[in-house]
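In what follows, chain A forms one complex with chain B and a second complex with chain C.
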Partner chain A sequence: MQTKSVRHRGTRELAGYLPLIIFAGVLVYISVNAPNFLTLRNLELILMQSLPVVLVCAGLGVVVMAGGDDVVSGGIDLSIPATAVLSAGIAAVMLTQGWPLAVCGIAAFIACMIVGLLNAALVTRIGMTPLLTTLAMFVAVVGVNNVITSSRRINVDHPFIVALRAQDVLGIPLGIAVVAAVVAVIYFATHKTRWGLHLQAAGGGRDAAEISGLPVRRLLGQSFVLAAFTGFICGFFVLARGSGSSPGVQDNLMLEMVLATFLGAAFSARRVVTMWGAVLGAVLVAAISIGFKSMGVNVFWTGLIKGSLIVVVVAFSALAQRGR
Partner chain B sequence: MIWAMLQRFGFLLVFGAFFGLFAAWNPVFLQGGNLLNVIEGSAVLMIIALGMTLIVATGGIDLSVGIALDFGAAFAVVAMKSYGMDWFGATCAGLIGGSVVGIFNAILVIGLRISPFLATLSTFFIGSSVQRIFTNGGGPISHRRMPEEFRNLALGDIYGVPTEAVIATVLVVVYFLILERSIWGRRIHAMGMQRSAAIVAGIQVNRILIMCFIAASVTCAVGGLIAAANIRMFTPLSGFSYLLDAIAAVFIGAALNARGRPSVLGTVAGVLFLSIVANGLNLMGLNFNTKDALQGIILVSALALAVAQQRARHNFAS
Partner chain C sequence: MRNYISAFAVMVGLTAAAPAFADGHLSLEGKTIGVAVVGTQHFWDREAFNGATSTVEKLGGTVVPVDGGRDNQVHADNHDILLNNEVDAVISILGDGAVEPKFEALKNAGIPVFTVDHPSPHAMNNTTSDNYYMGTTIGRYMADAIGGQGKVAVFNAFENALRICGIRAGLWKYVLQDYPGIEIVQPELAEEFANAPEDARKKTLDLLSQYPEGTLDAIHVGCWDQPAIGVVQALEEAGRTDIVVTALDGGPDTLEIMAEDGSPFVANVAQQPNLIGSTSAMNVARHFAGEALLPQTYVDVVPVNGQAEAKATYEALGYGSLN
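What follows is the complex of A and B.
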């Protein structure tokens, strides 16, 4: 009897690690077939490529924590990529007009905060569902950004933006260091502080949190503002990655963000969206895209591979969940 | 008294205000020809939004409606171009193409128990990739010598009414009868509101979900047929542009509904609102970017207003 139950728990735990095992398998397959894949230079490249996605994933992670992980009725913020592009657009236009970086930063910051506060107000005051609010906000913000940039590509060669891409600090690329610091601060705030625990309680069980006297709506509102802040920072990394602002970046960023964040849930023990899961998801998705590219796989196939990955990973984690 | 009126008719008043503004700006807006244009131009969006209404009514969401549209167009065009089928064969092929997407969604959602959002998102990724592989990167497949009957799906008219408007109207009526006036519709709404209660009540939830996913994607494929007939070609990935508008139309409609549920008539109102705003802004002769931005801002405000009105009504009633 006892051995049987132990063995069962063993298989269950194994099933819990399956998503990671699948990813590890794919990465091993890539590194066998593309010899340059596992070099330090290439891994650094993968990290650099994934930075914008990592930032927006961290923001989305906070909103999901505060609002619950039911995609349709819970917390989700699809507008973060649009906020990021807005930040990039404002900064790019103002930098080319010769404004100092600090002024551009403040202008972009104010614009992003307006988006975040609007999201928060629409969701918590009027009571719109986050999915609907942020989807509509995505459309509106992208529209406004297209007016600001006239849907043109704007090259930016400001030293700060170039430094984000190319400069090293103590041997670590500056961009990676900045993103790591931002993610660490958000992680600390959401996991190690009283505020963060309240936030998680609000998302984990809304009614219970309300009964115990937590300001659930205010916490959710704050999470939207924080998400807009990650979008603001992400804007500068979008500029750095693309050497400027180009129209259309937001669509891909949104798809990658959703993919990475919800894949990340499959890595956590309780199958919920976590900060580390989201970040790990973002890096792994970038690794796999770059890996298949360096193997010489036609880019037309990447969507198919990503889609199949969601299916396989999410299906397995659902399977592991059912075993409980 | 005035407040109560605002709560009841607020959205209608705003709708009227836009109508008046557009009419005052450009007299062409009110001409019969233009209004007919609006209805004709909104037919494809109307059809996609109907499919979306069905899925949202079950409590899910379908991000792959655009893929179903693309598959419908692709299967029909290829059937005519490569296999020389007549219009009827091509139409059937298109509908089968759409149902493939629905069956795939159903397998993911019911078979593998993936949430509809993630399942249809992966269908979107996979479907987009399949189209790019099939067309070698996304080039359109054009078929200039389409059978006249197939072209008439978009360009013909029945007693003076454009065919696409007729098709959309017929679908609206069918959807209305099924979703709002039949026992199946009651079951669909029941599972959308309280899934577990519906299961306890003995409703075959899985069977209904499978049917809904297939019905929705076949409906979207009809939109694909019209789009393909209209431009005489299949353009890969063109369905994506309808996704956001379809979701917006369904949720504007749900907010206008007395019980806050997605409904066929609400969706019709949502689609007409979006189409009239788009048309009116076009006639104002604004710069393309400005028009886009205004449309987005109006979308956010309209949704906020519709939801606020709904909440106010609930508070008023209780």
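What follows is the complex of A and C.
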């Protein structure tokens, strides 16, 4: 009996590592077959392309931390990508009208904060489900952005925006440095401060946190505002990446944000959404997309391959979780 | 009679293009060519992509294909992958301003860029339809279809964002200057780049409730015709098929709609996307053979005025038969 249970535990632990092993295997396969995959330039390319996703994933990570990781009833904020394109849209329109960057930034910041506060109020005061609230907010904010930009492409060549894309600081691209700093600050705030520990306690067990006197609703509300702030920053990276604002960017961003964040949970030891898991998820998804494209995989197949890989990884993660 | 003339013109055009393929000295043997396309969902994009990739392969080259999934941002980013792959040349199909810095980076790395439907200072050559002729022709056809006067709504999201759309919509408006009786409804409508038919359907239904029966005469799509599919659906749903629809591109899907009896979709200008993609690939080979290229290569278009010409063009372009 005993040997059987030990063997079972061993299998379970192996199953727990399978998501990582599968990803590692695919990456090894890609590096063997794709030209120049294991180069510094390609690593930089992968990081640069994942920056907007990393930012919104960090924001979503905070909301999930505060509200718990049940996708329907826990903390989730689907509106962050819309907030990001709103920030980009306002900045693009105002920059082309000749306003100074700081003024554009303040206007975008105010708009994004309004979105965050609205989310917070609807969820914590009125008691709406975060999933539906933020989905509705996504649609509404995209609508507002369509009005602001007239649904048109706007080119932006402001030196600051160009620098976010192309400038190096001490050999590191400015964009990567800025995003690393933002993520580090959010990580510090959520893991190393009293506020952050309260936030995690609120998400980990709502009832227990309430009994111990934590302001659970306020903490959740604050997480929505922080998420909107990551959307605000992300807006400038959306502009930098696209040298302007193109309509429709939010859709792909939302898909990748949700995928990367919950894929990231498969990499964490406890199968929960963590900030690092989300960031790692975002970078790995970008690495694999770039890898398949570099290998010259038929374009009609890449979506299927990527989707299947994610399903397999998440399924193994769920299996490992069930065995626990 | 006219439809036979158009059909004949297309055949002559295709025959004239044929010797290019017989250019025995052209080869892409040993070359790796990146082909970046903005999306493969729409006929035009897919055909241009297929034309380019199959011709590169026919000439002995290897293709690295990348697809933007109808997202201009992803499309632009895909050029970084081609740069990192150190391909020998890049064929880039469509795309908005987001691709310009990528083209510049490719050029600086010594990788020549060949564009399709996207004039750029960083490209060796742009292969495209005769957009000037498309814009003026559709202007004349539309004006004729509404008897030279009336109110026209236009879907025109890309006039300022894409040069080809600037030419097509700009010249359409230029023609309308000579029709003082035609008024363009303000504000102009802006269609979405992805999911265009459904988006245009909703926007048309809104427009129709704003302009009751007898107050709107035509709806024109300024740069392409995917939105026109949704426009026609909306007109049929609302029973307002007295309103005339015109657009540009003329793929099989929209020619089929034009060929239906009593269709409100009355005029179009058909392009030859497969030939455009293929011509761009030939231009890459010409470049490597040391031939000088003009900045723009124009591929013939086929004006389509009315049901009969839609059927004839459908057949002449090899899409099958609608009779």
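One rule holds for everything that comes next: the second predicted complex is superposed on the first by the 311 of 324 C-alpha atoms of A that agree within 3 Å, B and C clash if a C-alpha of one lies under 4 Å from a C-alpha of the other, contacts with A are read in each partner's own complex, and residues count from 1 in each chain.
Note that in this section contacts are C-beta pairs under 8 Å (C-beta built on N, C-alpha and C of every residue); 3 or more make two chains touch, one makes a residue touch a chain.
Computed from a predicted structure; not experimentally measured.
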- Task: Could you look at A:143 and tell me whether it touches chain B, chain C, both or neither (first, second, both, neither)?
- Result: first
- Message: A:122 in the overlay: touching chain B, chain C, both, or neither? Say first, second, both or neither.
- Response: first
- Just chain B (first), just chain C (second), both, or neither: which does A:308 touch? first
- Can A:167 be said to touch chain B (first), chain C (second), both, or neither? neither
- Message: In the overlaid three-chain picture, which partner chain does A:151 touch, first (chain B) or second (chain C), both, or neither?
- Response: both
- Item | Partner chain in contact with A:132 - chain B first, chain C second, else both or neither | first
- Query: Which partner does A:259 reach: the first (chain B), the second (chain C), both, or neither?
  - Reply: first
- Message: Output check: A:300 vs chain B and chain C. Expected answer is one of first, second, both, neither. What do you get?
- Response: both
- Shared contact residues on chain A for chain B and chain C? 146, 150-151, 298, 300, 302-303
- Query: chain C touches which residues of chain A in the complex?
  - Reply: 34-36, 39, 41-42, 45, 48-49, 146, 150-155, 165-166, 238, 241-244, 246-249, 251-252, 290, 293-294, 296, 298-300, 302-303
- Query: What does chain A use to touch chain B in their complex?
  - Reply: 71-72, 118, 122, 126-129, 131-133, 135-144, 146-147, 150-151, 255, 258-259, 262, 298, 300-308, 310-311, 314-315, 318, 322
- Residue set of chain B touching chain A in the complex reads 59-61, 108, 112-119, 121-130, 132-133, 136-137, 244, 247-248, 251, 288-290, 292-297, 299-300, 303-304, 307-308, 311
- Show which residues of chain C lie in contact with chain A when the two form their complex. 37, 40, 49, 62-67, 69, 71-74, 76-78, 80-81, 84-86, 96-98, 100-101, 157-158, 160-162, 187, 190-194
